[in-house]
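Next up: some structures, all given as structure tokens.
One chain, chain A, links the two complexes that follow: it is found with chain B in the first and with chain C in the second.
The block that comes next holds the complex of A and B.
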């Protein structure tokens, strides 16, 4: 178990180092911040001076070394544009993104699982076929198009929901939440649905496939033979056995959602990390871009590692395999 | 029981009665902007938009009126004591938002901060040498040499409160290089018509009217709620659904849609920014089938490029009929412009082909054309249109289209043959800006944007003379003459002044839209 743990952690560290290198390379290859930071009237001497002050004249290795060491301490420098600490900037916006992702995840489970169960047990019915068809749309429609469609329908035409922003928020220490105010909850609906739509279809299809599989197994037939009512068979026996992969996938997808919230955030002017990143790209605010990349990857890698470790704890086969691998030095 | 109810009801009536008139006066303008301001510190980032928003909070010694004339603001009057020394009489009785009185010390401290060597805005005050206090309400500013545009520069130098800066340890500018972050980044204390009430970056910044403003307010707004909405489609939707009252960036493709709504007015005009193509005139071409020399140095070739452009088609198709075609390098509002500059060479495809043949290129030649996908208004569209027109004349343009961040370094290094280019002459609002920054040959502080080596000795001489001439009656004709040389030599191909569009709901009754594209909401009346 220990060997497995160490191996996993080393893996994670390796991935993070690679990401750090990529993030660092942005500094070398994306545009020239000096051009964008100074205004039209600045002279050549002022431009050169700024280049030296930003440390853009030092050797690549030295720059990378300092970058990694600083990143480990959470020091990503100062934003070229806002002149604020990048880490603070990102941490300030994390609650908005995280809240959106939580809502999306909740929606995907609350809607995806019942639909999945339904389309598995009534798979020949018209409704199930229709759900299957709509789910293809959900997978293939890009979320920005969907977001705009929602805005047109619910904000412009019906005027039920706000088109942008987070509404009023309440601060709980450094955390801010929109869940405690009416306008904050209204503002969560459209972006939450937009972000979760892909997720809903994913969960639904997963549950459906797993359910179909489980319904064919011996113990379900046995349950039927015992004369258990349908709903008990479907929900107490079959569904429970399907949930393990659903939980794993949902856990892994949280990282994905945080990363892809970027599109939804831009469409709805949601003041989260993704919006910050998009604006940083427009202004070639390299410290923010690099830090975003590293922090999102860190969340991703951490979630992945945690899921792997839980799996090892839960599933004895995996544990066995890992131990054997460790002992025999495969 | 019923008496209790009556009491409660009458109390409620009394409450609404007192609250009623106050609410009626409380006009809130919800402003949906295209992007967030960089910071609350006007000295932190030299960006026109940020400065224009912060002008509601901070003020300079002088300011522009709605029709871009300079008028007194924190300075009441001024005189030139000698060609290099300006004396400013400061307005008395002006208070900062925190209640401190505005004096000469504040001006000196602000000038020291903005001209500090780490200040990103240092370049906005290029001629500054020193300043001193004569008495509490008089300051003198000394410049490097005779310099006619000090007032223009000072419109963008906002005045901070010295005591406030010292108390909050923010007397030096913020500096991203050294990681110096300042109190002024998140807090503000100016003299302007609006006070920053609250700020949540990327979400909402609230400005409340300043009841103690020194000037007689011409607006009746009690609050401005400023929200950036980056996505154009969302901004239009918010406008249509009434969630915002005003936007200073209405997307051109959505103007008909906005105008069709009965509650929305579209305010559309042309910007100061003039758009043109510029040539790389160095010895060899950057990327071409002509290896030994540079055909662009031949005036006939440049004229052929010019005549091959069907500007009406560009205007109608690429610019959706919203741009103003021009033959001049500066907009009509810019001192230095003359109507004679505005005349264009006609569209003449055969003439263009003949000129190319005369110059020795009957089959044209290939060249690299550098355009930016996120720079000027509809730049992608007009670059593609013009590239197609040049192909029709027998030329072989290689269009390179990429975001500004990627193209800018190549442009600066001269790695192009033809570029699209735009110059607004801001913040100076004077042709000297384009002359010294773009047209002047490179030397010292001049010609920073002379990327293609298009300088000429005769233009340089005129520019240098205009740079030290204090008498506008002599200075402006010198600038016009220099611009005429560039025009007659076809050093550039002017296209148009680009369109700008704002949109406002019917609740806004008057709004001043100047061609510098800066909202001045202290001149806005709401119903």
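The block that comes next holds the complex of A and C.
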């Protein structure tokens, strides 16, 4: 187990180093940082001074080393656009994105699991077929288009829900939350649903497939023979055996949700780090882009590694495979 | 002609053709897709105006609603935008751009992925290790993020005047850069199985060169899962393109794809001109839906376990 742990951690570190290198290359070679930070009237002396101060006169390898060390300490430099520290900017925006992702994850489980169970138990019924079709529909309409259509229906036409922003927020230390105020909760509804729709279909399809598999097994037949009522068989026996993969996929998808939140945040002008990133891309604010890439990749890689380790802990066969043939488990 | 007719007859008579004729969903989505593609590629001949030609815009007919709403006017079936541009024409032209980019992205990622998969699976060793590790790293960052970054980097590297003409190329590259890994993995897996079979040994004994062996003997036997993946990925590629264009790192306003049209329409959301955003969005959904339904059917039809 220890060898597996070390191997997996080294793997994760390798990926993070590759991501950091990519971020560094963007930072260093897409446009000249000095030109981007100074205005056109700056003298040559000022340019040289900034170049030395940023360490751009040293060798690329040294620069990369400094970049990584600074990133580990949370120092991603100064935003070109509003001259603030990038790390502070992102940390300020993090709670908004986190709450959105949390709500979307909750919704995907709360809606996806029951729908999946239903469409597995009553597989041939009209409602189950309809659910299947709607799920294909949900995957086909991109989330930004759905979000816009929601705004059109619920904000512009019916005027039930706000179309943009977070509503009122309450500060708890450095954390800000919209969950404690009525307007904050209302503002979460549309973006939360928009972000979760793809996730709902994913959870639903997964639960359905797993349930169909489980319902064919011997122990379910035995449970029936014991005369247990249907709901006990379905929920206490079958569903419980399906939840492990659901939890894994949900965990893995949180990273993707954070990345996808940037689309939802753009549609709803949600003040999260995704919106910050999209604005940074439009203004070629490279330190913010680089920092966002590193932070989101870090979350993504951490979740992946944790899920892998949990799996190995639960299922010893995986450890053997991984040790025998590299991390792929060939 | 006769040869292609008999080939068509054979295709319809095959297992796949039989399953196709038996599935109303597959038939409907196939004909819908053909219709959508034809209307997009024939756009210059069938649409009421060329939305990119400023001389053809009707300034006096600006912001007309769709024809079935009060004040709607023939021939502007789906209304016009504030510049007097016919929405239906803009959608047809935009669909053409979206489809071309989607198809090109799938073609590029499929070519790269199949080549990588064949090489990795056939030669194994360090080649396999290197190629697959690169794939792992690409997939260890969320794909949307990779696409946005690639797009942003290329736009940053190109001088502003060059950005618009190359926008489509940049998009194809950005989407293909993450798409190839899936093909590479499936082809690698089937190649590793195929290379141990006797027909490969036989081909080697009679002296077939390695390149030819890979192309003519092994490749055809690995393509079934590739076909399914390519169909489903076409839907994904069209969605990615639309998302990037919506975020402003895709097609420019001068050559709007469906995503760009939705981005533009989004600005008029609160002015009451709902048709500017609803119709491009629904059209996009319809295309991806028919591609996805066709892909789902193909996956089931080619899966021997489900027969």
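Quick note on the criterion: the second predicted complex is superposed on the first by the 282 of 330 C-alpha atoms of A that agree within 3 Å, B and C clash if a C-alpha of one lies under 4 Å from a C-alpha of the other, contacts with A are read in each partner's own complex, and residues count from 1 in each chain.
Rule of thumb we're sticking to: a residue touches a chain if its C-beta (ideal position, glycine included) is under 8 Å from a C-beta of that chain, and two chains touch if they have at least 3 such contacts.
Computed from a predicted model, the values in this text were never measured in an experiment.
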Partner chain(s) touched by A:151 [first = chain B, second = chain C, both, neither]: both
Chain B versus chain C as contact partner of A:70, first or second or both or neither: neither
Touched partner set for A:141, first chain B, second chain C, both or neither: second
Of chain B and chain C, the chain that contacts the larger number of chain A residues: B
First (chain B), second (chain C), both or neither touched by A:217: neither
Which superposed partner A:129 touches (first chain B, second chain C, both, neither): neither
Partner chain in contact with A:297 - chain B first, chain C second, else both or neither: second
Partner chain in contact with A:266 - chain B first, chain C second, else both or neither: both
Chain B versus chain C as contact partner of A:282, first or second or both or neither: both
On chain A, the residue positions that both chain B and chain C contact, one per complex: 30-31, 148, 151-152, 156, 163, 266-267, 278, 281-282, 284
Complex contacts: residues of chain C adjacent to chain A: 129, 132, 136-137, 140-142, 144-145, 148-149, 152-153, 156-157, 235, 239, 242-243, 246-249, 262, 265-266, 269-270, 274, 277-278, 281, 284-285, 288-289, 292-293, 296
Residues of chain B that touch chain A when the two form their complex: 32, 35-36, 38-39, 41, 44-47, 117-118, 120-124, 126, 174-182, 185-186, 200-204, 227-231, 233-234, 237-238, 240-243, 374, 403-406, 408-409, 412, 423, 426, 433, 437, 442, 444-445, 448-449
Interfacial residue positions of chain A with respect to chain C in the complex: 15, 18-19, 22, 26, 30-31, 136-137, 139-142, 144-145, 148-149, 151-152, 156, 163, 255-256, 258-260, 262-263, 266-267, 278, 281-282, 284, 286, 289, 293, 296-297, 300-301, 304, 326, 328
Of chain A, residues touching chain B in the complex: 30-32, 35-44, 46-47, 49-50, 53-55, 77-85, 89, 92-93, 148, 151-152, 155-156, 159, 162-166, 169, 266-269, 271, 275-276, 278-279, 281-282, 284
